[in-house]
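So, here come the structures, one by one.
Consider the two complexes below, in which subunit A is the common component and subunit B and subunit C are the respective partners.
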Partner chain A sequence: MAKTDTKQNKISFQNIFPFLGLALILVLFTILTQGKLFSRAALKSTLNDGLYILMGTAGFTFLCAEGEMDFSIGYNMGVSCAVCCLVANAVNIYVAVPAAILTGIVIGLVNGLIVTKTHIMSMIATMGMMFILQGLVLVLLNGSVLQAPLTMLKMYTDPLKIFLLIATVVLGYLLLEKTKFGRVAKAVGACPEAVRQTGINSDRIKLITYIIVGGICGILGFVSLARTGSATNSTGGTLMFNALCATLMGAVPLTGGPTTKFRGAVLGTLTISFLVTGMTLLRISATNQQLIKGLIFLVAVGVSFDRKNMKVIK
Partner chain B sequence: MSDENLLLKVEHMYKSFGITKALQDVSFGLRRGQVLGLIGENGSGKSTVTSIIAALQPADSGEMFLEGKPYAPKNSVEAQEHGIAMILQEKGTFDLLTVAKNIFVGKEERFVRHGFLDGKAMVREAQKALDTIGADDIRAEKPLASLNFEERKLVEVARAMYNDPTILVVDETTTALSRNGRDILYKIMEKMKSEGKSVIFISHDLDEIMEVCDTVTILRDGIYIDTIEKKDYEPALLRRLMVGREVSDHYYRTDMESCKNPEVVLRMDHVSCKDVKDVSFELHKGEILGFGGLGDCGMHILGNVAFGLTDPDLGKVTAGDGTVIKNSQVAMSKKIAYISKNRDQETLMVSCSIKDNVCLASYDKIKKGPFVFKKDENQFIKESSEGLEIKMRDTDQYVMELSGGNKQKVALAKWLGFGADIFILDCPTRGIDIGVKSNIYQLMIRLREEGKSIIMISEELAEVIGMSDRVIILKEGKISGEFTREQQLTELMLIDYMV
Partner chain C sequence: MKKNVLATMTTAAAAALLLAGSVSAADFTVAIPLPESGITSFEIMRTNMDQLEELTGGEFINALADLTPDGTLSFVESQVAAGVDGLIIIPPSDSILPTVTTLCEEAGVYWGISMRSITNPDIKEMVEASPYYIGNCYEDEYASGYNCGKWMGEAGYKKIAIISQAKGDTTCDTREEGLAQACEEYGMEIVGESRGHSQASDATQATESFLASNADLDAIFVVGSAVTGEHEAVIKAIQDAGREDSVSLVTVDFPNDMVADFESGILKYSFGPFCLTYDPEIALIKLVNAIKETPLTTADGSTVTSNAMKVLGIDNVEDAKEYVEVLGNPAYLFFSDDEINNMMVWNNPDMNEEALQEIVDNYTIG
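Take a look at the complex of A and B:
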């Protein structure tokens, strides 16, 4: 039937859209930077930035599969980073790592509880959380910058980065595509009522996902501290938007459901990471970078959505 | 059939959706004062041809003539101006608006006075429209969300009738209506007939078709098969023409004995909840327990309660071993399965594949270690759907692409694969054609023989009587009668207890 055909076209377009986006960015910036995009320094920078984006996007992909959202991930990372720094100074750097992760998990848990228990829409709930955390960072840092012990910097090694990168891709892929949890997560996004009528507690699935995403933010808080040696009120500020852009460029549907693919998270991450590096190489200022990313965000939303099935793109 | 008596003529109509030929050279005529039944299995093209008549979609080729003049409406507004109104199979109302606003949606300008909407005049007109069709207990000023499913359908009927159409298309509307609602619709059709207006009536219920239609046109796979006049009606003939092969008259159970197993597997104890008042019953092993009543008698909510989806205000539901069914997880641990009346919204994930749907309840069974593999899923589906013959391209096909009957088979496969012992089936054959219906009845008989228990909730008395070991009739939320199979039940006997 006609409906079926367009559906399949749509899906195949959804399948190629991430590849197209990535190819476009790669070609465009290779030309504009005269090949410097693939220089050693640029690739290293892409890896450094890409790690944050990848882990954030991986978390987003699970949330999106369930039709959920978390706007607070950036400042969750900021708070985790601040806590990590405080503990590193007060106790030692080894206790600081689990402290950061625990902080992230607790914030994720609170997000999850708000969404599942009070039934406030996740966009609204986590936006509120974002403002709270933004304030909390300032309180924790006393409004200024906090330095970590210098030994912390030694923890930011290539093996750590590579380990996190590979672990995220492998675990993320297996969890979303090859386990009951992943299948059910997509089902929750597709039709919550059918999931409920199959005796599955979708609140539990959502809660676990928020906790995982919180844990990711905690890890990133630590990574950020180890990388820069300091916790500031702008730590994690770009994470949410970068991850959101990557999610969209990966054609991960924000409304959830079975068309969510982990592959999209990886492709979207590559696209946005190279975009960020490329723009930095071209010496585009941070404010203008924001502007360009905003445009890409809108284009990605506009192009990748199956508009026939919904009145408003949420 | 003289030409001046012909109100609408459809000639050589073709319509394709991609490779699917929905209509191939379909021609038929509609006389003045005629109720024309349109029957055929799912996908036979009934809804397609009527939606073309109502200009909801264009035909690929073919012509239509209205009162002898070429009729080629560009959109549904134009069709309405020509006096053609349609009541759709799907829900076509807006929950957040009032009844009045629903009736006049898109026609609000009629009630604009000095730039402002005269809400009172609109409500008055809407109430008049409702009163005219005999649905005067629906108040026009109420929000639509406060109405039940049947009342909403009647609001759609009032909307369609407001323009005083010369041709009314009724597409599968009566499946959503109780006896009372049906009577309202039948009265309207009678009235139209007496005024020389015409009705095209689509239904899966052959008995209903034979009762209300003067003539029946049969479609099969998008092809016009035959037109039969009322005097030549014969159920077996119509069924054969629809399906294209001989279908036995007796697709219900043929034995007349009720279940004698004393073992109780599910017990409802003085349950009160919403419309339901103090209902108690026991379900036995190997028993088909049928529930019948009007659409709003409370029987549908009973299925919900029995599966732990709705907490009863009073009373409790327990499994055979005394475990209280307090939520659907407990229900499933006691091997209870539930298929909702609103299958597409509540039981199936229509935007997911057949595989996702069938496996959803059973990942714990399918997974090897922590992982779910495609190969095991496919094997699982093969085993679960054995004997169901789901018509599909492959297991990755989206459920929304399937016909109603095949969707129901997917829902059944899900629970068969899960290994349920107790099946709560709410309207298991609603909107399903005869071929699949008989498959589902055969499956129920097989399950019963295997010692499984079934609660069948249905608004079709014929199937309740035909399949059940025991029938419980509900009236206004209370049990008004209980009968066993041996009593040789007839519909007339039961209707007395329903109203």
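Take a look at the complex of A and C:
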């Protein structure tokens, strides 16, 4: 009985941890920055960084629900950005957008096929893909910084950013929490064998998830190009770590299963984004920022990792 | 539960302790995307920024940023959000400049470019039309590449390998154009190239590869480096291969351990501005003038000024020692207090682009 109570407490703390973390960050930095955290410029900076993190984290959350992982999201974004830039220069900027999304989807599809057909652990498979994409982006860009047409920069507008933000939150929430797909995805994370025995093709669910994540990377590739006007071999380099950090700050269990909540992606993103903005407003050096993020990352792992249901992350 | 709460509180406390910064109370704040330590030039920069703080009442922040397009834009966005009054950037490509222009115009932040020039004419026109753009400081990159190439040609080198930044980096691209001109004039051939290094070991691998595939290689030319210890990695790889008698190192920008590098007998020639951070110092002086609403002007009255930095070549250990004796000191001040005050238009209304250029051209170290 006592053991059950402890478990309930643990689960309860996991549920409140993302809210507690966000509240702590908001209160702490609002006081320390004397309210500058909510100035227009600070919110705009938070939105710009947060958009990348939220979209990446949303994809990660779906994969985590299934107990899967994708280490190649950053370089998928980089390759999509490179393709977007090449097409924008060779054809036009309007064809470049679907080209970027299609590129992301194809890479996601390949990831999904490797994981589901060869049964290589997703961590290993996507790490391999990450190295391939690192090389591919160099080949595509011929080792150079490629500039997009200047008209591309006009596509990076506040309405576009807000639309993407809202679409990610609404679609992500509905898909994971309110549809059969979301419920099955969580079930695959909890016990794929049980799902298989009910006649549901769990590999298909995983494949679709990888395609969705790939599509997100494709959109981010376009967003990055519209923001910077350049495609480089460093594009997307920080996405994976930031998304993983936000996922953990949102207490999304890496082991998957029914305790995965989409709100974790949103809360985690808000926490990380406001943390970074707050630290910059306080002029905290880049080194100390890394140190603080590392500390928080460790605590987040400690709190969110579900040891009771621990199994090998595939 | 208690353990979890404790862990959270501990992190919060640790984070609070690490929050060394505070909201600025200075007259104005300026940020620059360079570190305050790591190599002596950066430490010299910090010393000179402290002097500027004292003399102008501003706060000068080292906000280290990746010098990539994404990193530079994040630097601009975050510093604008932090409420700075001025920014110096070192743009890796022209394509981010329209976005920087928009961000700074919206926020009323003055900004300038250090170590770079705008090469795209459309972007140049767009940027220079902004009332918040103060201009740039730059080295003649074509001349840097050409001079190093000329030195190698006159030394009789025929086969060289280059280590450079990714293509598209306007600085290195221009240096390579100068090198290409020298190669044509002196009949030299570029037999290998390696780009976009992110760590010193990348230079080791590149050098090993150059040496293995070119038995008659004459020199490795570091066209541009953004990695600390890269020159020393090249020297070590040449020594390890036992080719120190036949393969030389030539660089644009002086290595941090220049004396040791010359003493190794492998570094033969280095060409660059006398101090890496003299350029941002001049850019900051221009920026402060603009923030104080007394901007420097050109002869035709424009507030967009452009200043070329003085460059020099060193080809022997004695000159290197003499140089390091002065500029190996992190406390080195580029200018006296009086000289700085004289460069501020509110103290000296005669100060303009031409007068500043004269100061730069006539500058001597020591």
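Keep this in mind: the second predicted complex is superposed on the first by the 291 of 314 C-alpha atoms of A that agree within 3 Å, B and C clash if a C-alpha of one lies under 4 Å from a C-alpha of the other, contacts with A are read in each partner's own complex, and residues count from 1 in each chain.
Definition applied: a contact is a pair of C-beta atoms (placed from the backbone, for glycine too) under 8 Å apart; a residue touches a chain by one contact, two chains touch by 3 or more.
Bear in mind the structure is a predicted one, so any value in this text is a computation, not a measurement.
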**Request:** After lining both complexes up on subunit A, report clash or fit for subunit B versus subunit C.
**Result:** fit
**Message:** Which partner chains sit in contact with A:L133 here, subunit B, subunit C, both or neither? Use first/second/both/neither.
**Reply:** neither
**Item:** Which of subunit B and subunit C A:L174 touches, first, second, both or neither
**Value:** first
**Asked** Of the partners subunit B and subunit C, which touch A:A190 in the superposed model: first, second, both, neither?
**Response** first
**Prompt:** Between subunit B (first) and subunit C (second), which, if any, makes contact with A:I216: first, second, both or neither?
**Reply:** neither
**Request:** Using the touch definition from the top, say if A:S144 reaches subunit B (first), subunit C (second), both or neither.
**Result:** second
**Fill in**
In this superposition, the partner of subunit A with more touched residues, subunit B or subunit C, is C
**Message:** Quick one: is A:M249 in contact with subunit B, with subunit C, with both, or with neither? Answer first, second, both or neither.
**Reply:** neither
**Prompt:** Just how close are subunit B and subunit C at their nearest CA atoms in the overlay, in Å?
**Reply:** 16
**Item:** Interface residues, subunit B side, partner subunit A - complex
**Value:** 17-18, 20, 22, 307, 309, 327-329, 331-333, 338, 340, 345-353, 356-357, 359-361, 363-364, 367, 370-373, 398, 401, 414
**Fill in**
Within the complex, subunit B is touched by subunit A residues 1-5, 7, 174, 178-180, 183-184, 186-187, 190-191, 193-201, 257-258
**Message:** List the residues on subunit A that touch subunit C in their complex, please.
**Reply:** 9-10, 12-13, 17, 20-21, 24, 28, 32-34, 36, 39, 41-42, 44-46, 48-49, 141-148, 150, 153, 156, 224, 227-230, 232-235, 237-238, 276-277, 279-288, 291-292, 295-296, 299, 302-303
**Item:** Parts of subunit C lying in touch with subunit A, wherever the complex brings them together
**Value:** 1, 4-5, 7-8, 10-12, 14-16, 18-24, 35, 61-66, 68-71, 73-74, 77-83, 92-96, 98-99, 107, 120, 122-123, 166-169, 195-196
